[in-house]
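Note that the chains are named A, B, C and D in the order they appear, and that numbering of residues resets to 1 at the start of each chain.
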Amino acid sequence: MLTLSCPDRVGVIAEVAGLLAGHGGWILEASHHSDAESGRFFMRQEVKADSLPFDADGLRQAFEPVAARFEMDWQVTDTGVPKKMVVLVSKQEHCLYDLLARWHSAELEVDLAAVISNHDVLRGVVEWHGAPYHQLPVDPDNKAQHFDEIGALLGKIQPDCVVLARYMQVLPEWLCREYAGRIINIHHSFLPSFAGARPYHQAYERGVKLIGATCHYVTADLDAGPIIEQDVVRIDHSDSPEDYVRYGKDVERTVLARGVRLHLEDRVLRNGNRTVVFD
Amino acid sequence: MLTLSCPDRVGVIAEVAGLLAGHGGWILEASHHSDAESGRFFMRQEVKADSLPFDADGLRQAFEPVAARFEMDWQVTDTGVPKKMVVLVSKQEHCLYDLLARWHSAELEVDLAAVISNHDVLRGVVEWHGAPYHQLPVDPDNKAQHFDEIGALLGKIQPDCVVLARYMQVLPEWLCREYAGRIINIHHSFLPSFAGARPYHQAYERGVKLIGATCHYVTADLDAGPIIEQDVVRIDHSDSPEDYVRYGKDVERTVLARGVRLHLEDRVLRNGNRTVVFD
Amino acid sequence: MLTLSCPDRVGVIAEVAGLLAGHGGWILEASHHSDAESGRFFMRQEVKADSLPFDADGLRQAFEPVAARFEMDWQVTDTGVPKKMVVLVSKQEHCLYDLLARWHSAELEVDLAAVISNHDVLRGVVEWHGAPYHQLPVDPDNKAQHFDEIGALLGKIQPDCVVLARYMQVLPEWLCREYAGRIINIHHSFLPSFAGARPYHQAYERGVKLIGATCHYVTADLDAGPIIEQDVVRIDHSDSPEDYVRYGKDVERTVLARGVRLHLEDRVLRNGNRTVVFD
Amino acid sequence: MLTLSCPDRVGVIAEVAGLLAGHGGWILEASHHSDAESGRFFMRQEVKADSLPFDADGLRQAFEPVAARFEMDWQVTDTGVPKKMVVLVSKQEHCLYDLLARWHSAELEVDLAAVISNHDVLRGVVEWHGAPYHQLPVDPDNKAQHFDEIGALLGKIQPDCVVLARYMQVLPEWLCREYAGRIINIHHSFLPSFAGARPYHQAYERGVKLIGATCHYVTADLDAGPIIEQDVVRIDHSDSPEDYVRYGKDVERTVLARGVRLHLEDRVLRNGNRTVVFD
């Protein structure tokens, strides 16, 4: 899998496709996007692994000169190696449950390296599924320690993806930066509406007719990172804030699962604070 | 048609339904809502006109004592008398066109009393359809006069519904107040996101994955009145702000038409800054 | 909770509401529907239990004469008593998992009396959640025995709701009849399109642009019973039948859960082969 | 604009992109699809016209050898030349109105060469918009003459797109064949459900919870041609078949307009009875 972005100019596709074809590379899926505003070009090429005469490292070496010439931000990943995922939760179970179910049924082919929580209530279901559970309590007077412990654990695991599955703590800036582009959050509103706390209650107060959920990359700016996926569901005047919460859970689950999958399949490329999603 | 709201208590439905049944009233459609938060009760009763031994005025008289006893906000309208509608536009034609088409095909059974615009470009299509067109230009240095003229015209017409069909001027507070609950706007975003100017460009900058439109009652608070109807459409990274505008038009048209119909059929009851919509 | 249907005529609402009000009944939610085609009237009244001077049986007794006079099909249920649910599955886990999660988190307040399967693979997750699991194998040459065993088990449990959560066997007519209006199936297509086997592959062959799922009551007529709920999801040319299956699972889960909830809350009334859904 | 399909093999993208880049071609939008089932490869390349040293004919000549080598079905169109469109209608106006509005506002940049109808009722609105209107009456006992006249008119115009905008006649096989891949119909159901007559009434009888519309290419097989676009809208038990018709019109309009645009921009490639839609 090859993904890249670079300043747009004549010949980028020809050059990349030519290099792959020259080595017999069978392209399974090719996606491109020229961003008129930023003048950048984005590409994702999924190549049948055994059609090339070398492995991921070989491809990296072969590609290096082209990448340099076109000033590319690029990466090659081996789709044969499952990505490493860590899930952070608090007490709410619906998003975690959903991810566990998709992992358990092999719908989500990922190495679930750890579930981390500041509580112990979800240990049972996680361990029953065979994933490691780490309880790292938060001391409200010294949150720094909690995040140091998380940082240490992540440092050991080196995850490709850290999912905040309704984890209720705000990550410190240093963590956001260290894992920039790898931390995915699900926010229970259709952002940018109702950022912050109790979004369903905010939505109820405002009287909107649809509520939603947003899956986005986490940045130091709360609820303001690049959006990967969103969806909404219709509610009406007969629904209470509690009903919103219930309907919303279904949207949260689905939107988070889609976002995680898109990220794991290298289908999300950042374009400033926006995303290019080759789905 | 009877619509009402009152403090919730035992026996409201029994009392109203009993009164109607006592006079032989055949209920075509009955809708109720108890709002737990505000403690108010909302009701809409559509009665077959010729099943009652009196007309709308007679029903008003018969109902008066009940209404007083239960401290009701209420109104009786005669569904046989078409409502009066005025449409305000600027230069953009898509919402006006859509309303004209629905009116022309009798989908929207309303008395289209006037189309008012600060420009002349839409006169042709309006007059071809047989509706009166009034051009009332805006002097940027003296907008007050424009609104006085609108006020005078509305005063003569006494409309049940004033539709801002992409009318680009902000109405003065006195007009909003005078026609409170009767002025309907279409805003080209999924409010409360992207209130104010150029919402599609704001949406593009933020990188949302769905864009929308909101039909709401106009209050003195810009883009913050009670919402009647909303909807969204999916966009992706390949769409430019111009594409957003194009997709958005389809949503605007549909959402506005739905909102106008709901209002004309007395299906929208205000509950503070929220609405109860009996659709 | 009172639900009923009867021939439509003047005074039904007044009579029922009057009776409830006469005993001090506080109506939490009242829904009505007059079906113009069949001439039948449908009603659902949710009454605050402790506002009445009697229990469900008392209400039944008090209501009997009214019901007789208006030739009503009616039932009174005590919302304080959880309904009994049985789930039938085969090997596919996504719908079962979802129901277990909702039950486990108390989103679905029901007495999960049994999970029955012809296989053993899902025993672990069911028993971990604390629900009884019954494996009743199917002998392809003698399916009758399997269904006799199911019938015997259901006879003991007397469930209010039997959910076919991707249970792959066709129920015999006698079972469909015995539990008419209580057996709910999830079919993985937007019925009536693609009834029968392998609907996602049928959808792929036909080249539709949306796929869906349908939750319906089971009748002796395969995939043709009254529909409770449906939904769809957009697919495109880049999706394979396997992708359809994956997207479809999300729709199946959500549609089934909505349908089961609507049924358990007595919100679904049958109108011939159609349903009135008071949601 | 270059669109093509061919048997999938290594090097197609490289070859095409290489040829374009060799002549300085600036690719505005590039889309590809490998169909695993049929083993065919599909491509659409939108090239900035003035970046090439030749016109559409020059590109055709330059491309010929590559096309032959890879056994391509291909076409080059000049996006600077508006396509020719003919619209066939009967008496229903909503789809025609919508297309006229989009054409009039230049949202749809097309040469509207003719509107043909078997009735005269829509002449006014068409001629007001400045498009030629042809009434060609149908003699129920001799429909052949009607279609001969249509055939003659189309023969003179040579349209790129013939839109059946709720035209109620079934086209003869010879016309379908002569304009294969150029005739677009809007059917007022979510096909394959409810093909044929009165689909909204069929939908009502079946009790579905969503109704829809389908835009598809016309083939000799009624309502069974390749689907371009579909969408649905939610209805409930309170809606009559007449309400279905009204809601449905909104979906028909939008789905037809999307389908026509996709076709006019050469975004729809046929893959057997399925379509590849590069939107």
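Everything below uses one rule, namely that contacts are C-beta pairs under 8 Å (C-beta built on N, C-alpha and C of every residue); 3 or more make two chains touch, one makes a residue touch a chain.
As the structure is a prediction and not an experimental result, all values here were calculated from the model.
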item: Rotational angle, Cα trace of subunit C fitted to subunit D, multiple of 5°; value: 180
item: Most distant chain from subunit B by Cα centroid; value: A
item: Whole-Å gap separating subunit A and subunit B, where each centre is the average of the chain's CA atoms; value: 41
item: Rounded Å distance between subunit A and subunit D, as computed from the means of their C-alpha atoms; value: 37
item: Subunit C, residues touching no fewer than two other chains; value: 29, 238
item: Complex interface listing, subunit C residues touching subunit D; value: 33, 35-37, 190-194, 205-210, 212, 226-227, 229-232, 236-238, 240, 271, 273-277
item: Subunit C residues within the subunit B interface of the complex; value: 10-11, 13-15, 17-18, 20-22, 24-32, 34, 51, 234
item: Touch list for subunit D against partner subunit B, complex; value: 29, 93-94, 97-98, 101, 104-105, 107, 125, 128, 238, 246, 249-250, 254, 257
